[in-house]
Amino acid sequence: MEKKIGFIGLGNLGIPMAKNLIESGFHLQVYNRTLKKAEALDQEKITICNTPARAATGVDIVITIVSEDAVLHEIVSGDDGILAGMSPGALHISMSTISAQTSEQLAQNHAQNNTQYLAAPVFGRPEAAAARKLWICVSGPPEVKKSATGVLNSLGQGVIDFGDAIGGANVVKLAGNFMIMAALEAMAEAYTLAEKSGLDREQVANFFSDTLFACPIYQNYGKFIAAKQYQPIAFKARLGYKDARLVLDTAQHAKMPAPLISLAHNRLLAAVAKGRGDNSDWIAAFGEGVSEEAGV
Amino acid sequence: MEKKIGFIGLGNLGIPMAKNLIESGFHLQVYNRTLKKAEALDQEKITICNTPARAATGVDIVITIVSEDAVLHEIVSGDDGILAGMSPGALHISMSTISAQTSEQLAQNHAQNNTQYLAAPVFGRPEAAAARKLWICVSGPPEVKKSATGVLNSLGQGVIDFGDAIGGANVVKLAGNFMIMAALEAMAEAYTLAEKSGLDREQVANFFSDTLFACPIYQNYGKFIAAKQYQPIAFKARLGYKDARLVLDTAQHAKMPAPLISLAHNRLLAAVAKGRGDNSDWIAAFGEGVSEEAGV
Amino acid sequence: MEKKIGFIGLGNLGIPMAKNLIESGFHLQVYNRTLKKAEALDQEKITICNTPARAATGVDIVITIVSEDAVLHEIVSGDDGILAGMSPGALHISMSTISAQTSEQLAQNHAQNNTQYLAAPVFGRPEAAAARKLWICVSGPPEVKKSATGVLNSLGQGVIDFGDAIGGANVVKLAGNFMIMAALEAMAEAYTLAEKSGLDREQVANFFSDTLFACPIYQNYGKFIAAKQYQPIAFKARLGYKDARLVLDTAQHAKMPAPLISLAHNRLLAAVAKGRGDNSDWIAAFGEGVSEEAGV
Amino acid sequence: MEKKIGFIGLGNLGIPMAKNLIESGFHLQVYNRTLKKAEALDQEKITICNTPARAATGVDIVITIVSEDAVLHEIVSGDDGILAGMSPGALHISMSTISAQTSEQLAQNHAQNNTQYLAAPVFGRPEAAAARKLWICVSGPPEVKKSATGVLNSLGQGVIDFGDAIGGANVVKLAGNFMIMAALEAMAEAYTLAEKSGLDREQVANFFSDTLFACPIYQNYGKFIAAKQYQPIAFKARLGYKDARLVLDTAQHAKMPAPLISLAHNRLLAAVAKGRGDNSDWIAAFGEGVSEEAGV
């Protein structure tokens, strides 16, 4: 008999992840704010639910991958939230990019509900999700992590355990997103400096991503920065800003002054301030931000 | 008959490069401010000279790899500088990290002297130099670049041509050093944020340098940042500051405001201000700088 | 018959303000977390209350001046909060440094309670409060501002009306505190630059505060920065950080990237991170922060 | 018999200063790159010279007030520089905004020429110069300062002695210009924050410059920032950038990391990068810079 999973969040990452779960033999009870997104999935392998509670009913595992802490709070604890549907002992695997504090609050809510919570945020762009190449960070009680292993292994190329504290994996995810932002700023400044000095910015970028910085972030993001090519949008500037704000919140929470975190935050906030939050990629916040200040 | 080369600068990079040239069959006429450094080389394959002019006499090629623009100006145009010794048509390959403006000035000096100049700065730490794994950036007139190819190929794993403008390769070198500084700051902030949030900073560092940032800079420098291990010194903070200042000069010259360049510059300047210029590594300027502000 | 006022918050500013109200003929129903502070007041002119609700009972006006948004929320809407004690139509004058969002939330709470709310934050150090020299910023509905005029005039040298929006005055207060932080950073950098260049930093400071910057902030704060004299503590670094965080929150709320706000925020956060939040003045966060980075 | 002075530099400040000297009874031997500027002066009281050397011939005092260190070097030591014209023992009063290092170099040049040098940079906009309200900072050997007193007193409202080191006054001048830049940034951020929060930015500006910041810089510059009124140009962004660069050079020379100096530098560099160096005021570099990032 096929196993069922509740699956909530059919965004750029959610869709390929859902497809992979279906391909791995799971039947999905899906919920999404705009149900139309579910048309991308094999209709025979899914049950479309009109509330999170229904998607969470009668399953051992509910996966959420949504865009904001506030949305996730509503999906979990709202009137028709998953807490209202989950069976005792069932597990919520929370794969969104959220703060450690949100994870801790949700874990408490689950504990009072006799259900379980696991933070399991992911690294990877949609193509990586489609290719089961996500990196999945987990943290929380050992037995909870163990329960999630099977499902998580079917979604990524590695599941890394960052300890028993509830929100540890969330901090790792945010630290990683910050490191990406920092690399975007560094590349934008370096390549623009090269350009303004008379060099070919794409040649310079290729050199660095073939040698000293021969790694996915510099290669994949660097080519967009180098070519000043920011369309189509893979990740909206507004969502990038949301993440930058979570990084800054995490720094404030940890009592940690961090000038580069502030710089990245302000780049993304400037994109939002200029009205580009929804119509430009977060890469552009750095690439265009640097170019505009430099007058090129 | 063995071929002779003039070789000036027996620092951390100069020594392994000189050894490789000797091993490739060249006899070296060496000059260094402190001649004692020459003891590290096979005495039968070198001639120790007490002025740059002598090291440059009777050879087709003079290589310089020294620490500062001012030092290089003196070595080229000073009273006993190489201009005084070089034969007409001989070539000066300048491998130091210097400004494009210094390169342009030196090229002019050479032109008036009927000698030739090539900017050929390198990327790589001493181990890379020893293993002939340097990346060598060149720029300048095509025929000059062609003359240097043979020698340069024996020193590195790749020679990359950044065009015909005299100082182009110098800008690429400085842009690259800036990108390293930016990565150091990013890692220092990210790993300290992880630490102050209760995570194991080395585990977090390992994760990133195995995955999203699986490239030499993050791997090689990252392990020092993660372990807060800044000894022994591979590259003094004072020299790192000198490079940061050249990067900033380049940005000023190109009319390019760049907040991350300024941030990196100030980190290294702070290390110098605190009296650590000569007794700490440039990595520590970032690692300790971030830690101290964060109170850990 | 003497008029009664509820008065909550006997901190560095609250005490002299309460004394002035007593001197102006008001009887005060006081509440403070640590009631011992009330000993500084004329016992015949006050009634000590053990809850905010009691302090708010039977009076037309309740004044609050406390240190944090969260504390104020509790004092207003907590179990024994002033909402539970205030008579219909009574007015809460909120003089703390809080966010506009907190003011808006409190105004809503009051509206549901048939009571009134006025944001009236103040500028001035304790000596200014004692001398009735505070500057008081107000915003809100015209009739509410009118009701508060008499009492406010007895506390300061000027009441400035920043319009009808509930939280406008709070933004002005935060903008002003930011401008003070910016001046502290500017003076710390300028005077340390003078010092490190061989000049007498106090002479330089005196010159500027006698001429171009002959105004209270540069004069009063500047002498501490110049003399590196940061004791006794007038305003804790922790509270300064709290304000910096509110400024940054306000900037985020207004979609406004602001690098100097971020810089000020990080200076104060660094003081807290280094364990100096409660044992050093916010001026020291700037003065010592700059000095330490500069190695002096 | 009327006394003669050499006077070089008929810019925005030079013209009113020259007029005041004439009014005080001096006959001026003037030199300016574009001699047409001399038409603004009473032709009977001046002798127009076509080289700095001639302007410096036969007088006890030569005053220079020009825009750049390089220009001043040329005027002093160039082929027809003042050194070629000055009589032994004559005094050069250098009132430009230049680096301490330039002053030291010029003082050496004078010493070898048996002439004297005094750094005497000024604070004040053209109106202040016209009203003899400049603040004049001096530093150097006591007897040299004494010789200059009479003339300097006729130009300003105060002459402040910053010690015997040659370049001390230059550092004070640069520190002051930095403090102005910092105030411009602070006001631009604060008033834009107010604006984006729904307040009237001019009312907010007026409040602060009437109270906490009731001093010339905040009042005079603040009204332009508040009104976003940046024309006519009183001081070009390009010259402001030149000063910011001198401040940064001074910080580098003093081994002094200073993030706000860097921020101010980058604001002015951005104005230059955007092509506004000669067609906008330095105030606009801050006002427009902040507004553009904030999308207003």
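Think of it as A, B, C and D in the order they're written, each chain with its own count starting at 1.
One rule holds in what follows: a residue touches a chain if its C-beta (ideal position, glycine included) is under 8 Å from a C-beta of that chain, and two chains touch if they have at least 3 such contacts.
Keep in mind it's a predicted model, so treat the numbers as computed, not measured.
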Q.
Consider the contact graph minus chain C; what connected groups of chains does it contain?
A. one piece
Q.
On a CA-centroid basis, which chain has its centre farthest from chain B's?
A. C
Q: Mind checking the centre-to-centre distance between chain A and chain C? Centres are C-alpha means, answer in whole Å.
A: 39
Q.
Measuring centre to centre with CA averages, how many angstrom lie between chain A and chain D?
A. 53
Q: Any chance you could list the residues of chain A touching two or more other chains?
A: 251, 255-259, 263, 266, 270, 273, 293-295
Q: Quick one: label the inter-chain contact graph as line, ring, star, complete or other.
A: complete
Q.
Quick check: in the complex, which residue numbers of chain D touch chain C?
A. 100, 123, 135, 137, 158, 160, 162-163, 165, 167-168, 171-172, 175-176, 178-180, 182-183, 185-187, 189-194, 196-200, 203-204, 207-208, 211-218, 247, 250-251, 253-261, 263, 290, 293-295
Q | chain B - residues contacting chain C, complex | A | 259, 266, 270, 273-275, 292-296
Q: Quick one: which bits of chain A touch chain C in the complex? Just the residue numbers, please.
A: 245, 251-252, 255-259, 262-263, 265-267, 269-270, 272-273
